[in-house]
Amino acid sequence: MAVVKDREETLRSFYEDVRSKALEPLWVISANVNTVEPTREVQPWIWRWRDVRPRMIQAGELMGVGHEGADRRVLTMKNPSNTRELGTSRTLVSAVQMVYPGEEAPTHRHTMAALRFIIEGEGAKTIVNGEPLTMEPGDFLLTPSWTWHGHIHQGAGPMLWLDVLDVPFVRGLDLGFYEEYSDPPRVQPADRPIDDNLRRYGAGSLLPPPKAELSTPYSPLFSYKWRQGRETLARLAGDDDSPYDGTAVTYTNPFTGGPVMPTINASLHLLRPGQSGNAHRHTSTTIYYVAEGRGSSILEGKRFDWEFGDTFVVPNWCWHEHTAVDGDAVLFAADDSPMLKAVDLLREQSFPDNDGHQVVTGTCGV
Amino acid sequence: MAVVKDREETLRSFYEDVRSKALEPLWVISANVNTVEPTREVQPWIWRWRDVRPRMIQAGELMGVGHEGADRRVLTMKNPSNTRELGTSRTLVSAVQMVYPGEEAPTHRHTMAALRFIIEGEGAKTIVNGEPLTMEPGDFLLTPSWTWHGHIHQGAGPMLWLDVLDVPFVRGLDLGFYEEYSDPPRVQPADRPIDDNLRRYGAGSLLPPPKAELSTPYSPLFSYKWRQGRETLARLAGDDDSPYDGTAVTYTNPFTGGPVMPTINASLHLLRPGQSGNAHRHTSTTIYYVAEGRGSSILEGKRFDWEFGDTFVVPNWCWHEHTAVDGDAVLFAADDSPMLKAVDLLREQSFPDNDGHQVVTGTCGV
Amino acid sequence: MAVVKDREETLRSFYEDVRSKALEPLWVISANVNTVEPTREVQPWIWRWRDVRPRMIQAGELMGVGHEGADRRVLTMKNPSNTRELGTSRTLVSAVQMVYPGEEAPTHRHTMAALRFIIEGEGAKTIVNGEPLTMEPGDFLLTPSWTWHGHIHQGAGPMLWLDVLDVPFVRGLDLGFYEEYSDPPRVQPADRPIDDNLRRYGAGSLLPPPKAELSTPYSPLFSYKWRQGRETLARLAGDDDSPYDGTAVTYTNPFTGGPVMPTINASLHLLRPGQSGNAHRHTSTTIYYVAEGRGSSILEGKRFDWEFGDTFVVPNWCWHEHTAVDGDAVLFAADDSPMLKAVDLLREQSFPDNDGHQVVTGTCGV
Amino acid sequence: MAVVKDREETLRSFYEDVRSKALEPLWVISANVNTVEPTREVQPWIWRWRDVRPRMIQAGELMGVGHEGADRRVLTMKNPSNTRELGTSRTLVSAVQMVYPGEEAPTHRHTMAALRFIIEGEGAKTIVNGEPLTMEPGDFLLTPSWTWHGHIHQGAGPMLWLDVLDVPFVRGLDLGFYEEYSDPPRVQPADRPIDDNLRRYGAGSLLPPPKAELSTPYSPLFSYKWRQGRETLARLAGDDDSPYDGTAVTYTNPFTGGPVMPTINASLHLLRPGQSGNAHRHTSTTIYYVAEGRGSSILEGKRFDWEFGDTFVVPNWCWHEHTAVDGDAVLFAADDSPMLKAVDLLREQSFPDNDGHQVVTGTCGV
């Protein structure tokens, strides 16, 4: 007994000594470090449109945009299970942004990459590197890392959209750079035609000769219209379906066939009435936004019902399966697979038991 | 003098001796080998539709297709300046093919890559690897190296199209492999839906998840419709123009952004009325087909007038410039730049004098 | 005044309400998020060999390895400025490991990638995927992500080496997977010749035909001997020097010319007596280990003197410049540039003022 | 009968008519074009050193180099089966070159790529882009497309080496460009240290930071010494052997791991006494030079004995197998696989019958 005590005392004193020299014995922490599977802090969560929209409207009453207001009127989705500064998952953050007619969200740029998926409204434009991009419900827009971007609104009624950024990833690495376009902050004037790159590169596999400016690590095609995506889904429905996610199409960089940005991939998924995918999990995180219809997902054994406007997150290595109810459902998905693939950390696993379906153990109470 | 004679005699006898051992002194042939610029045998040439079409019709009367006829009813464009076996240029051959209703051009495959550009007719289909591709005027189709392909025609009236193949290149390397689909030769049955890959991959930058079968060195998108190409040209006209070739769009592999096949690149060019490009030359060869309108080209100082249906070849390192007359002109172009780029032999030069325009020294008499 | 109070009250109540729905207003946190330059928590630090080595020896007395001991006898370098779980920087962790003759560190594998740089001793081997790698002072070894690795020691005297891993990066993303080779833990037997891949792929630009097993995202060459590296530095000294880091050579994957692993790059740097590089900074983090000689570095204006065996960290976006004293100094460097390049976050900046040298404002007191 | 005659007459007259319009019916030539396997004109051949060397010496008596002599004293190996202008195969030409002390082969550059393998002598240097490369027996040197290169000889005795170029390929495409360094022709002065790139990039997987000048499509390492290659073969002998070609090592570009030039690949092959490889064939052509030892090869069923200094060609799609006699044999090989791979025309086939060995039907009488 005395020996044990002595040893404990000796170790304690040793630990104290080495820590004073900024050393930490690995064997003290290795049980935490060497886990068979990831110890994931972030849990699945859902943000319901019926909760978010009225609060966004309220935010519109409380906070202006631009001159004497906020740079951006944004409510970020802070996952309650995430103890870090901010983040819907460990790598991504989703948010809802609203602009009113006449407002201007001043132009800035940052190393964090962003994408937008339009929820409602008309008449606003995002100006990316001098090119005004139209914004209509269901449109998908890019503002890649270090591109100038501001928002203006010359239409009627509020304009709302979903933002997804890689802020938790970039800031988790302490690599956030940020620059305002001008002092005082204002919106960069449009010096290119509206939807210019869409006009140039939007015809798919018919491309004008590449320009020097296009050797970018992201898609020079900054916007993808809803109609084209929805029609493509309808056309492919049924015979190209994945075992997991219904009919899927990925937004790609027309000059490479690769993902739209080096950190974030984006895709659309069509689930037909009653179509029920198998469960799987992967090391990448996906943020889903319900662009159309109703359905439910089983995330790590718990059921999450969803409908138009809802956003939910499937964190890394989380079992998930989706089903639509009543009619077609369309999910927009943003995931971090490009960054994981780049460092060879992308893994995927099919749910092995029970014909590929999880046993449901509860329902999300949110 | 005797010394000179002696030396000549000695050299002659030496040459005879080394040649008997399969050796050839380089200094005897080096003047031929080491030319400052390529000594190009192949000259520009034009095949006029008014000459070709009636002869194709005549061929239809003289030669059947399939059962007891030819495998293909094709008139190849043999450049008169080319002393080799066959070829419109040193690397490419263009041809016109015709199929009558009820005829079947049996399925085969070969290492030579082919493309088609539809001239007139309706109702025929090319079946590539079991997928029937519709053929309408202005459509562009691929039958890449070693893909099964046959043609059927269930419509009315003759169906005519332009073929471009890399036969002179592949056979120049003695690398032609060929295989018939069945014995006796017949057409591979369609086991996939009509225009299936167009449906899947034709939406441009919205792609279904890549399948294993798609890791091909050529575009899995086997057909590109005229309407989309023409509309894209119209949309881009004016502000994206090249200094040489008007408004240009390249047909690309949607999964890579690269050329449709590893040996041949294809593109469309719009020249607006009176638009006159500068002259340039490059080590790649281009075969031009007039898909719309009228115009003329100055090729190595000589003027070639052209109109709908004509085909002309601009061989490697040949100065060329184009102009439209009366209205819009659209040129379809097939070139061998991918193979040259792959071996680092692609060079380009702008015409340096006279504001970029050649002095015209004559007119093509054909 | 009442109005202000009312507004504050209204906002406070609004914030409370939205937070109850897992929403956080961006404008509340944006000042933290949108910083002109990275807000870097991790500061430069140095671990002196005169502090580390005796404590490592002490650890040897207190803690066994393998059977009834720790899996690894490792002291990790925990940067005092880092508030996270562990880490020498935000992405990398360095450590010192020691094995005594007769000890066996059992085989395991994990998604975290590791490298070793041998400090002292002889006779130990690291067995990577069944291949025993010799370990001599100055040797550089790889145990890439998910490769089996264990250590044995059949020589005399303690064996000490530096470990560098991407644990903070991988665990920061919650992507740590770990597996033991057997139960109970033991060392994987050697089923390949000693230094087999070094024998196969170590001759540089003379490679045997690639095997299927070599299409790995990391170098199949698992070890690089000190002598070759040191000789190469001596040979290149003087005329290939970088303006910053003396004569530099990068360890590369012979099959790609790229970095040894997708997350970590490694290199050697020779500073000749009195040679003083200019200051620069980059978004990548570097861990330096002093393999030979003495010198000092100015890190963010503060002077750090170093000598053989010391390890110091230059975190991301930290100004740094190095100089040798007395004689040649050789620094081994491990950095995270591959992961940053992959996601387009790599930036570099030369120190603009004062002829490229920082003003020294203090000395590291450690 | 009359009908047949009529038809023949009609066809003949039709053919005449279409040919007058530069058209050729495909069905007339398709039997030639559509061959199941390549119709290969070029046959295997061997050039014996006992034949070549004395004639080279004779050439030295008859023809000077440089001032008032030939630019190059070269005897090219003209395959007797090849009806084209020049060429050992359809794509490659090998030759022997000799320089005497004091001679200077003036500097030029051309689009044709060249390599050298040193046969005998010492003291000569090839100056490539201003860098003098030492030449010792067994060394392998590059003079890639469009690099300046000249030869000087400051040693004693004749210097002889093997040249391999892609002249038949490049000139077959009419893409030969050529430029003399100066007028009158002379050798470019050395403005870089001897074997500079070997010193910089010769240490294999330890590379200095890449320079802009190194983004070349060919290896910036212009020379590979015999000793390193021979030692590598000895080290790998036995356990890495290919089923066909003994122990093989490929010369690679250290910055990519790929072939040394975009058109030509080079390798060394060790055959141990009595070691007999299986037969195979591929669409690429290989020129073999016997760098050491004696042996024989069965090429398309015929036996070719060879010894030091002999050169033989295995054309595309030609069955071949090799064996050494008496002792180790080392073959240097240059092949055109990179150009074929680039255009997806590379195929390989193992000999299917007779345990992988051809039946020998004769012996080469040369």
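Per-chain residue numbering starts at 1, and chain names A, B, C and D are given in the order in which the chains are listed.
Definition applied: a contact is a pair of C-beta atoms (placed from the backbone, for glycine too) under 8 Å apart; a residue touches a chain by one contact, two chains touch by 3 or more.
Remember, predicted model here, so these are calculated numbers, not experimental data.
Separation of chain A from chain D in touch steps, taking the shortest path, is 2. Taking each chain's centre as the mean of its C-alpha atoms, the one that lies farthest from the centre of chain D is A. Averaged C-alpha coordinates put the centre of chain A at 45 Å from the centre of chain B.
One simple way to say how far apart two chains are is to compare their mean CA positions; for chain A and chain C this gives 30 Å.
Mean C-alpha position of chain B lies 54 Å from that of chain C. Residue positions of chain B touching 2 or more other chains: there are none. With chains as nodes and touching pairs as edges, the resulting graph is a single ring in which every chain has exactly two contacts. In summary, the structure contains touching chain pairs A-B, A-C, B-D, C-D.
In the complex of the two chains, the chain D residues touching chain C come out as 199-209, 219, 221, 224, 228-229, 231-232, 235-236, 240, 242, 247-257, 268.
Across the complex, chain C is touched by residues 10-11, 14, 17-19, 21-27, 29-30, 32-42, 45, 47, 51-52, 55, 58-59, 62-63, 70-80, 85-86, 90-91, 95, 108, 110-111, 145, 167, 169-179, 217-218, 262-263, 283, 315-317, 338-340, 342-345, 347, 366 of chain A.
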